[in-house]
Structures are given as structure tokens and as C-alpha cells.
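Chain IDs A, B, C and D follow the sequence of writing; residue 1 opens each chain.
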């Protein structure tokens, strides 16, 4: 039996790190102000990434730092920073890097992505908490239970879709969920739910989007005779399979692959792509830029 | 100055090899009949690939062999084989592997694919003859001329499209062209010309089809925010960018790539993908299977 | 709880298929004889791959077929084929494609490859039987038990190495094991055991061999500053990490990856590479060619 | 005939950009000081990348900026910055991003890398000046001449190696060369010359280093039976093929590839890998970190 994520695997991460994310209109002096603020408060930068989008004139930044002996407590630190944030009209976040983001995983019957996420959780490859697994089918309860994860069977039909999604949203609220992961959930969320979960719901689509949106993409790929198949992790929006793309990957196939073989090869791509997207999201590496993403890998 | 393809680079290919390609309804005994025929005529197989498409019930085969001391002359060999071909309702071809296929390359102003094909021709990396280069602009004449390739400037406009394509088709006929290569030609051929060149005209499209058909695919890719960009080599059909796919490849990009950087990265993919497709075609490795290809790499 | 591999996932494989593998000196008439024999015995070929190695003058072939209404029973079929095999000095095998090869998986404490193989077994992605899991540590017993796989804890030390390996070989014999998989076993088998398991023991090495043989390859890779890291699945021979390579893959890394991050990225490559090698082996797609492999993918 | 690099292809780069590179011991306040200095001098940052190496405790930074209306002239700007540089013990560089680095390309007889570099130069894909091409053979003179690049034939033998390298170094000095590129030069430079060119001489090695150092790596790769082949661009040091790695890539091959086919596939990898390394170097994206590189792509 599994006893939760391994604690011993990340010893050097025991130091207290913080992650600051920023998005704002681009102009002179942003980095100077932020870095100056950090230096003035005895914060040591361990990682930093910037991006200025020449088209949208937006600036994006992610900085990881640790506080020093002369740093103020975090709340005072944050309070003071808010003045800089205001000056530059920042959308910003300050995150404790040690805090585990809380996931709610939605699945149907296919379990390759769930199995992979649970494995990474169990071995602390992915430092998250999994609040619960939800499915419209009972099949994957044993897998969740073996990892000591609560499992909720919430069947869905044409008649009860809104109620079922309300139950999911209630779980998101009650379990203090940070991120909903559609790990081959196979159901299309209603626009209202998509809006409620904007920016905190990741789906894995089993094609190289924008090719092959919608149903049975491996069959579509086979019909067209593509020589590479892919998978795409993206944030969910009301427009089906059109949300901001976080990560994609492909694998080579050939004429001898039928839909079933494409699906088999595709499973390996899907698991890796979804795991990367979840990792980057919970590490606050993904910032939204209009309908696209900035990913500081 | 270049002095035509290097002769010395392929010494072991001086032996006389033949390539037999077959497509027919699948049934028991095809391989036995073909291989038996080859053995009975003292032919030694050096390469052989098969594929039976379970869906279409079609069988595809490509076999490379050399004739032996007791083999009949090739024409008698072919004549005798035609009886087997009839029995199995084969679409078949028998090719001298030493014969260089004759290419007509169509370009516009962008020359990365042309430069690459001419380089591979000059160094015999690609064993073909290039009958001529055709362009609707005069810009690339010096490049063609330096390689001693005739260059035809055939301007095209809304008013003369049919005449211009008739001139191209005349060149195809007069120069005994086997394969027309659209190396970033940037013009859409009329349906009639597409039909005339069916199965012997390869286009490079600068996207991972079926995504981003049509104009300015790198701008389309940038707008969507994909994390990989690609290129697709395909046979030209009347339906734009929808012909049978021969080869595809992708390269990773990120949020910092504008359309111009995408185009720069894309050029390297386009040249490699087109060169592969041309190589496989002239080596008779590509067989048509309905709207798709079988590629015996 | 898991209830063994899913039976329902491979309905079309219920038809009775056989796999014939051949290696012999290359000469005229081999394919004709084999294909003729198959046709004469009403066998329908569904897949076939050949390779003639111009250097070693060896010929390799793998053919998948199903018997027909007029085919003899398999034993008579095999007996008759042995006459052809003799004539061409073939090393050959005739395998029931439905038979599940029996695996013995050796692990130490790291479980990413084991977890992956058990998942593929459980979902019939990999159609094998897992006879047992053996480890020199007790840590992974729960994982094996949850999949209903017997677990043997066989500790090893400088003093008992030969006895411990004798116990492993006894399991191989008693459990009728076809393939031993070193899924990050971390112990070097003695030359005698390597010889005993020649051609039926696959190891995953966490580097792109022949680079970084031996201990701590990710630390070696980090010290050198490579821009790609890889994994290699190979048959085990007495010469450390020098056995015939079956499969390799790499992933891009950069200067910001320490040994721990390299190991994290590497785990995903290792699992995929090992799974592919095991799949190809149990499908009889891997033939030995001197110190190398022919892999009919 | 070519008329030098196209001027029109980079219109938006006409604005005056500067590149500041820094390497120094890591400590609190570096970014704040640098960014503060830039803001105080009305410099607008368009790109910035940092890396703190936790092992060596070294900090690396590359920042691209443009000066503003209130910025001082560049020399005063640089002079003032030198005070910050001193305080943090920086190794630093301040580069005009519009200035074309001057290359000296050394070749032997193989021309795929030369052809590629000249093409990228001609089309301004690579914004450099090529001061001259040097070869120990006369074969590639026509190719250089067609691009209007001076060609120097400097034969080399056991007896004149030092004199020949002295002539090369004289060219480096007289032509004000910034970067020497060994584009399949096939000669091993003497240790003295390697030292003289430290950090400004890039070699392309046709293997995935550290595997297959030295002669005939494709033959070595074939003998081992690897499933991927690669190429490595690295700075030249006296220790053969052991200099800091800048870039690597691989391509899949299989058992059917002989040394000649490996070399053919390898050529495409070599050209792309070398072109990337040269691009990153001339854009000041590559910083030396002990025997390794930091590459801010």
C-alpha cells in the first residue's frame, strides 16, 4: 500500500522558496523595480524568467527567491510589494513553493493518464496533493483507493449534466481545489462550468491541436494518413478544444498503424504531455497571454 | 562552377538493380508467386517490403533485386511477369534503379528548398536529373544557372493562369519529366493541372497538415500559440493542401517565437521534409492507397 | 484491485496467428521457398519483413500468418518446414502469436519502470504474463502484490551473489520464464548468469550508450554538459552495458538541469524505451545479428 | 550571382539594440543593480535571461536592451557600467546587436556544412560577415567564389602543420575574425592553436559526444548498432572532441543503415546543429561555465 508522497526525495527543497509571477503592460523599469525590491528586502533570486510580447506589449515575469535573515515576514513583504504592483498595473501572484497545489482529477474509464499522475504523486515526482478523483463511471475506484485517494462516482447523462457539474464544483470548493485535471474525462463541460474554472482546468486532447478537434481524433488521424500523431494539453474554455495550449508532443507513425495502434502510441504521448502541463501549472510556470500561454520552462 | 552530380560517390550502386512495385487486392499466394517468379528467373532480392491493409484489403509490395547469370533480358522478364500481374489484378511498375528520375522544380522567390534540392543534386545525395527550374519570378535564375540547370521564367497572373500552366505542362512533356516539385511555389495550380499531374507532383506545405491549410500558416500557428510547428510534403490534388501525405516533421517552439522566427525555424523543417519526400518518390518507395500513402522507408 | 490483464481489449486478435522468424546465410530463393511453402499450406501472410545484411551476408525474416481451412495441424506444418530450414541452414522459430511470453522482472528500489510494465500488463497494452517480481530489497512488494504478482525478496551481498543468482535462475526455470527484464535492477549480473540468459535478458541503461556506461550516468552526463540525455535498452552480456542495443531515445535538456532533474526527465525516457524493447522482444521482432540487433518494428 | 546578404529581410531589427552578457559569483542584488542601472539610463529591456548555477555558485545573465531618448552615448554608458561590473567581479561584454560578427570558415572537401552556412549568410538567415573560407584542398573554391567570399588554399602536411596554422591565425588577426568555424575541417588543430582560439572556435563533430570521439564516428556507430545517430557542436580545446558542448541533435536510424546511409542522414543533422551553434554564438547567447556552456536560447 502506498503511504502518500515520499518526503525524502527532495531534501534541498526544504529551504523556503517563493515564486513571484507578474503580468503587466511592458515599459522601462519593471525588472529594476522588482529586482530592486527583492534586493532591498534581502531576497536571493534562484531563478528568473522574463518575456516581453512585442505584439501585445505585455510583460511577463516569474521569479523564484528565498528570503534572507533581514527579510520581513511574508505578509509584510507582500503588502509592500503591492505598491509596486499597483504602479505597474500588475496581475501578480506570490506563492509558497513548498505548498502543494491541490488537484481534482476527472476521469472516465481510460486510466493511463490517471495511473501516471497517481504514480508521479506517490513518488513525489509531482509535488501535489490529490484531493479526490471523480468519475462518471465506477471502474477506476480501486486504482484511486490503492493510492488512498477519495473517489467520487458522479454519473452523468443528458438529464443531469448541470446537477453533476454542480456536484463537481462543490467538490472544487469544499476540497479547496487549485487545479482540475481532465485526464481523458470524455465529457464536454458546459460553458458555465468552463467559465467558473477558467485558468485552473487542464484538459488533455489526444491530437495535435488545432488538427482533429472533437471526437475520435485517432480515427480522424488515420483517415487522413498523417505521419505523426500528437497530444495537446490546454486550459479548458467554452469553445471546444480551443483553449490556450500549454504543451504538445508528437510521435512518428506510418501506414501500418491502424486506429488501435495509433491510440496505443498516443497513450504514451498523452501521459507525458499532461504530466508536463500539470507540473508547469503547479510550479506557476504558465501565464495566460490573451488566448495563448507563456510557459517559463 | 558545378559539373553535375558526382559520379564517384556511389560505387557499390554500379551493380544493376531493379525495383518492382505492386499494389493489388490481398489474397493468399501473392508473395509466393512473386518471389517464386524472381527465384525461377535467377533474381537475387536485396530489399523487400510488404504491407497488407486490413481495412481496404489491398496489398502493397516493393522489392529490389538484381538479375543473375541465368536471368532473361529485362523485356522478356517483364513480359513474363505481366502474366502474374494479370492473375492478381496488380497495378505494378518495374524500374531500373540506376535510372535518374527527371525533376521539374517550380519555385517563386523563396529559395531554401530549391537551394537544398540543388545541393543534394550537385553532390549526388539525391540521384536525380533536374530537367529545369520554373518560376513566376526571375529572382532565382542565377542559382539555377550556377548549377547548369535551365531556368524558365513563366510569369503568372489572373489573366494568363491557364496559358502559364499549359507552358508548364508542355515542359513536363517535352523534357520527359517524371516528377514536378513545388518547392514553395506559392501558386495554387488549377484543378485540371492537378489532375494531369496526379501522383507525380509533390508540394511542401509549411504546416503540420491538416492544421493550418492555405495562406500564411506560420501566422496562423502564431495566432493559435502552438508549441510545435511542422511541415508536410504531399501529392498535389485539386482539393487544396488535402493530397496524400508523404512525410511530416515538427520542431519545438515557444511563446517567444513571432511569425518571423517561426518561419525561420520552419525553413529547416521544410527543406528536410521535402527532400525526404522527393527521395522516397524517386526510389519508388511511395505507393498510393486511396487518399493516403504507403511509404516503404 | 486488479484482476489480471483485460481480456476484452484485443478482440480482433482472437484469430489464430503464427510468427515465423528466420536467420540464415543470404542467397537466391529463400523468400520464394518460404512464401511458396506458406501458400502451399494455405497460410495467409498478414505481415512480413526481410533484411539482407550486405556486410555479414546474413538474411533475416519475420513473417506473420494465419492458417487456412486446408492447412495441416501446426506440428505437421512445423515438421515439414524443418526441411526447408535445413536446406537454407536457418536458425528459426515458429511462435503462436496468442501465447503470452512469461516475464521475470528484476528490480531494486526505483519503481518507475516496474510501475509502467505492470500498468501495461494490467491493461493488456503489453500482452505478457508476469511470472514474478524479484528484488534485492523488500520495498516494491506492495506494488507487485496489488497486481497479484508473486514477489520474491532475494537480498544480495558480496558474499552471496552466486547463491542469489542461482535462486533467480531457479525461478527462471521453475516458472518457465521466457524473458528476464532488468527494470533498473542496479546490480551487475555475473558473467555466468549473463551467458545463461543470453538473448533473453533485457536491461534498461539510463544513458545513450555507448556514452556513460556504468555507474551514475546522469551525473556523468551533467559533468560533461550534454544537451540531450538518453536511455538504452539492450540484451545483457558479460561485458557491462555493451550488449546488443534494441532501442534508444533521448530528450532535450539544458544547462539548468542538475543531476536530479536529469534523472527526473530520464525516468520518462527509460520507461518508454524499456517498454518498447520488451514489446518488440515478446512479439519476436528482435533478431540477433552478431553483436547487434535487427528490429522489425 | 549572389550580392551579399539580403538587407531587407530584417526591417524591425533596424532599431539599435545592445546585448549585455555577464558572468560572476552569485549573490544577492546582481539583477537589481544591473536592471536598476539600465532603468536609470533609460534603457528598455526587450529580452533577459538569467541562470544561477547552484553547483559552481556562478551567475550568468544576458540582457538585450535599446537605449532611450535620455540615455548617454554608448561609451559613457559602458564606462559607468564598468563600476558595477567591478563591484560584482563580473566577466562581461557589451555588444552592438546590429554588428555582424566576422567568421572564418575552415573546410576540407566535404561541403554540406559550408553550403548551408553560405546559404544562410546569403539570405541573411544568419546575420554574419564571412571574412574568408580556408581549406587544405582547392575543391571548394568555386562554391566560396560564387558567394563572393575570398578563398584561401592552405595545404597541410605533417611537415608544415605549424606554418599552416600560423597562416590561419594570421588571417584571423588580419581579417579581424571573431569566430572560426570548423565546418568538417577534418584536421586536428595543434594545442597551441586551440588555446589561441579558446572560446571563439566552433567544431562540428559527427557523433553524439561523448560517444564516438575521433575518426570515422559513423563507422563506429554502425559497428555498435546504435538506434540513433547524432552530431555535436562544441568549442575547440586541446583535448580532442572534449570541448564545451553548445548543441546536439539526433535522428533515428535502424539496422538497415550502413555507414554510408548513416553519413547521409548525419549530414542533415550536422548542418542544422552547426548552424544553431554559430547563430547562438554570434548572438552572444553562449556563455562558458567551466568546461560546459550556458546557452540562453
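As a working rule, a residue touches a chain if its C-beta (ideal position, glycine included) is under 8 Å from a C-beta of that chain, and two chains touch if they have at least 3 such contacts.
Bear in mind the structure is a predicted one, so any value in this text is a computation, not a measurement.
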item	value
Distance-maximising chain from subunit C - centres being C-alpha averages	D
Numbering shared by both copies at the subunit D-subunit B contact, with half separating same from different	same
Chain pair showing more contacts of the two, C-D and A-D	C-D
Distance between the centres, which are taken as Cα means, of subunit D and subunit A, whole angstrom	37
Chain centre separation (subunit C, subunit D; CA means) in Å	42
Junction residues of subunit A, two or more chains touched	47, 54, 256
Pairwise touch network: line, ring, star, complete, or other	complete
In the complex, subunit B residues that touch subunit A	51, 53-55, 208-212, 224-228, 230, 244-250, 254-256, 258, 289, 291-295, 297
List of subunit B residues in touch with subunit C within their complex	27-29, 31-36, 38-40, 42-50, 52, 54, 68, 252
For the subunit A and subunit C complex, residues of the former touching the latter	1-2, 47, 111-112, 115, 119, 123, 125, 142, 146, 256, 264, 267-268, 272, 275
